[in-house]
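One chain, chain A, links the two complexes that follow: it is found with chain B in the first and with chain C in the second.
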Partner chain A sequence: MKNLQDTIREIAAQSLARGEVELVIGWEKGDLWWQSYPAFIEEEKEADRLIWDPLCVPNLSRYLLQELSEMDEKKIALFVKGCDALAFNQLLQDNRTVRERVVLYGIPCDGLVDPSKLEREGLDRDLQEVERDGEELVLKAAAGEEKRVPAKDYLYDKCLTCRYPNPVAYDQMLGETVPVEPEERFTGVRKLEELDYEDRFSYWAEQFSRCIRCFACRNVCPACSCIKCVFDLQEPRWLGKATEPSENAFYHIIRAYHVAGRCVDCGECSRVCPVDIPLQELNRKIILDINELYGEYDAGVDPEQEAPLITYKTDDPAAFTES
Partner chain B sequence: MKKVQKEKLEDLFERLAGDGVLYLPLEEDGVVNFAPWKKGARVNLEALNTVLPPKRAIFPQTETYMRFETDGKKLQIEQVEPVEGNYFLFGVRPCDMAGIKVLDKVFLDEPEDDIYSRRRQAGTILSLGCNDPHVSCFCSAFDLEPGFAPDADVALWDVGEVLLWKPLSEKGEKLTSSVEDLLEDASAEEERAAEEQRNSAAATVAAAAREHGWNVEGVEEALQDMFEAELWDKLYRRCLGCGICTYICPTCHCFDVEDFGKWQEGERFRCWDSCMFEEFTLHASGENPRPTQKERVRQRFMHKLCYYPSNFEGLYACVGCGRCVRQCPVSIDITQVIKEVGGVKSGS
Partner chain C sequence: MSVAREEHNFEPLIVAFCCNWCSYAGGDLAGTSRMSYPPNARVIRVPCSSRVSPNFILRAFQRGADGVLVAGCHPGDCHYITGNYHARRRLSILRRFLGFMGVEPERFEVHWISASEGGKFAEVMTEMPEKIRALGPNRKLRDAR
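The block that comes next holds the complex of A and B.
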């Protein structure tokens, strides 16, 4: 079987050569083992820069916001994992991208490697390359040494709970679909719900106190697609620039509400946070509430489905007013 | 040279904390950062780099320096004292110490920044040599030594059961004599062990620098002609425009000034700013000379590798700590920029 990386390069080269698209967005490799980052390929001969490995975590769909607006009627090809596809659909539903101008190549994804989990066990020593082989990771060191470890132990937490590893939106699917075996995703939320009000408040106050307001969680979020973000407004200045408890809490809580019902649970916010604030839990709490109040709903799965928070029904529950 | 037994560290911390605020790497929820020590705190001297650099103790992210109040047509202004008294920065890595020296040039140069200067003077810095550099460490590219920070007040080396202790400045001598009862003389063997560790750490980083081509020679000059280079068109495209790289950087020092006001009273504070943000250098007219992420990304690298060294005798505003290399969510890597710029130069 041809490997996925070869297929990716071939398809990218072909669609550029045939003039089907003018830009292909995929991933490429940096100098250090964990660096698999977004690549923008505009020429056929550059297609060999594209790679696929278990570290291709950055979500590519968000780049459509900048690339489509700058390119008139040009078409873009995008490689999408399960989470990228959900993100794409959400952008579509939010009217922030155009389906006809995007060619989606789906990549069934069996989970990506969290570099910090390898580092924690010293497995990053002399590491050059990480490969996936079935249920195992192959860690290739500088001197040609190889080590095999169970993949599951080193995947991102968000990947372990992923419910849509196979892209829900695609024009062409590359590779075989992978089994869907998610761990329960609301365990963390349930645990927090068990705390009483005071403890829950102090838990989040403590988490937010670490925030340095780098806005990485917002800037990576596929649901944060506003042309002008409320937090960037100078007049009026809703969010002051001081990093102090009330401003930090204001930022995170308002952001969680702004993406409520549109968060696709891709977990990028938690991944990029430099001070490890468990932001995905905050969004999951809202997802759980929506599920319980309005019935199960998964943002990004079907852009045609009515979204509960922007649909009014006369029999909607009014949990806040009913005592 | 002196030494302190690790089992006596708790006593030492208690002593220091009694004489000021003791900042040292504390672990909380798995995140290691410099924070004020208190009894029972989880000290982590093994972590190579704290998430945020220790510069926060001298140059806090947010600091109020003025309060005001109006009463009819009267305006009352009160200056807020920046200095809270003595403090100690314990366990500062040599790259981070070099970062503080980069800040010193900016804030202590004429006209001196009073707030910074007073904070800086109130602190005593104890640096800790690195034994085991990370693959993203590249301090040697800037002629720094991972195992030794010559600008600290006291140099420390972890050699197993003990921390070796060597005062380097007057402040360091003073501190040493004030805690003399907790220190012992180091043995020749221990000194040799520290020496070996220093050499091996330096060799590790130097080897990585050679392997990856992290050579900053000529980068400043090359960048002077690269304002319009194609490099920036490529590099900015994947940038998310977040502020991680600038806020976790030990040398970044741009700040903004803002008021927080209520009806008739308020305060003025300064806070870190980031060239990555769209609001950075936004003029009152609405014009911004850096209108897109391309100009902002260029600014970050130009400032560190060209403008700053042009202003301060060739000193680069990067110390090779590797934080941005590790933390950028899309792997924008300053060592790649250095390599590419160096490559442009040698190729032309």
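The block that comes next holds the complex of A and C.
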């Protein structure tokens, strides 16, 4: 991993020095071991802040929305993992970014570490640094101790089902492509579908009851790119301010439905949720239905392909009785 | 009103979004043809079935509807050429999604009713309340305040 991190710093420094770009977006280390935050680098000498470790999970493409609008004609360099690249393509398809103004450096990603899985087993004690070494994670503690654990046990669930770990859009690829071995991603959806309607409703009512309406799931989503969001409207006010069960359900149903056919299944919504609502399952249910009814479609893979819910066929099937 | 009493006298409340160009006229035809059907539905006239946003449907459930009906022109007959083709995809996804959320699919129906199908309009308006009566009052998604 160190090699890739050096390459990232080198590229950032060079492209800023040559004036090819005005801004580089990458990741930097926070104060704690699990914090790998988005970093916005404008000076060549700052490039050493950039890092690459198995905790660099924030999807950077979404930040183009604010940065591009603030920067007029300037160019931005962006490091993209597989999911970031899908997100970039989706923004491109939604006309929310400009391909010519962005330089993409692709990072093949072999899965990122879920800090909560390490915490669950108490492996986070005195932890300073996490490194990836092949199929293993190297956990470095404060006292210089090292512990090796199998990486696969501690990756995000969304990474285990990832079908595009290698970026689908890039100007330059950094590193070797990684093998694609996804687990079945609709298992969770199918399990919920085995419940009857009452149990499904109580399941979701319980999940949504924890919602504090922080809107993190909306704010992080690369498909939620509207300039004016329906949830912020005062007139008509579709979403009330109270965190009341029906308002919460309204919010989550509409949020998932608004990204229907555009969700790239990056799983950021579930990751950022402070109360662990399995939001990705909502999006995946819609993806599954679109695939079943209107043909397989992977949002973000080909920005030229028409999204399923903005087009139609005259002989489409329907999920209701037509007569 | 106590729950028991509400269930005893339960009359399903249905919000029906009807396309101006066909289903609404179909309702008119049912009326001028002197067909009778139960008065459970509150009809809201919309310019096209594709005008019906999921916000409308959820809001209806929030404010006390036991069922929601969207009625539009038959595919191919849209006044705006393609509106109902889009609606067919969107509402199909929404209907399955509401089912996933635990709302019985009988509570959200889509029907194609043309301006000449007064009989079908009356039929749908008769059948849907019966199905919902069997399910009982809807409390899911209902705003309890």
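Heads up, the rule we're going with is that the second predicted complex is superposed on the first by the 318 of 323 C-alpha atoms of A that agree within 3 Å, B and C clash if a C-alpha of one lies under 4 Å from a C-alpha of the other, contacts with A are read in each partner's own complex, and residues count from 1 in each chain.
Quick note on the criterion: a residue touches a chain if its C-beta (ideal position, glycine included) is under 8 Å from a C-beta of that chain, and two chains touch if they have at least 3 such contacts.
Model, not experiment: these values are computed from the prediction.
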| item | value |
| --- | --- |
| First (chain B), second (chain C), both or neither touched by A:A141 | neither |
| Contacts of A:E244 with chain B and chain C, given as first, second, both or neither | both |
| Touching partner for A:Y37 - first (chain B), second (chain C), both, neither | first |
| Which of chain B and chain C A:A307 touches, first, second, both or neither | neither |
| Which of chain B and chain C A:K285 touches, first, second, both or neither | second |
| Touching partner for A:C226 - first (chain B), second (chain C), both, neither | neither |
| Partner chain(s) touched by A:Y257 [first = chain B, second = chain C, both, neither] | second |
| Chain B versus chain C as contact partner of A:V178, first or second or both or neither | neither |
| Chain B versus chain C as contact partner of A:V149, first or second or both or neither | neither |
| Chain A positions touched by chain B in one structure and by chain C in the second | 242, 244 |
| Parts of chain C lying in touch with chain A, wherever the complex brings them together | 54-55, 58-59, 62, 75-76, 82, 85-86, 88-105, 109-112, 140-145 |
| Chain A contact footprint on chain B (complex, rising order) | 28-31, 33, 51-52, 61-62, 135-136, 212, 234, 237-238, 240-244, 247-248, 256, 258, 260, 269, 271, 274, 277-279, 282, 325, 327, 329-333, 335-336 |
| Chain C contact footprint on chain A (complex, rising order) | 189, 192-193, 197-205, 230, 238, 242, 244-247, 249-250, 253-254, 256-257, 260, 282, 285-286, 289-290, 293-294, 308-310, 312-314, 316-320, 322-323 |
| Residues of chain A defined as touching chain B within the complex | 30-40, 58, 63, 66, 124, 127, 206-207, 210, 212-216, 218-220, 232, 234, 240-244, 268, 271-272, 274-276 |
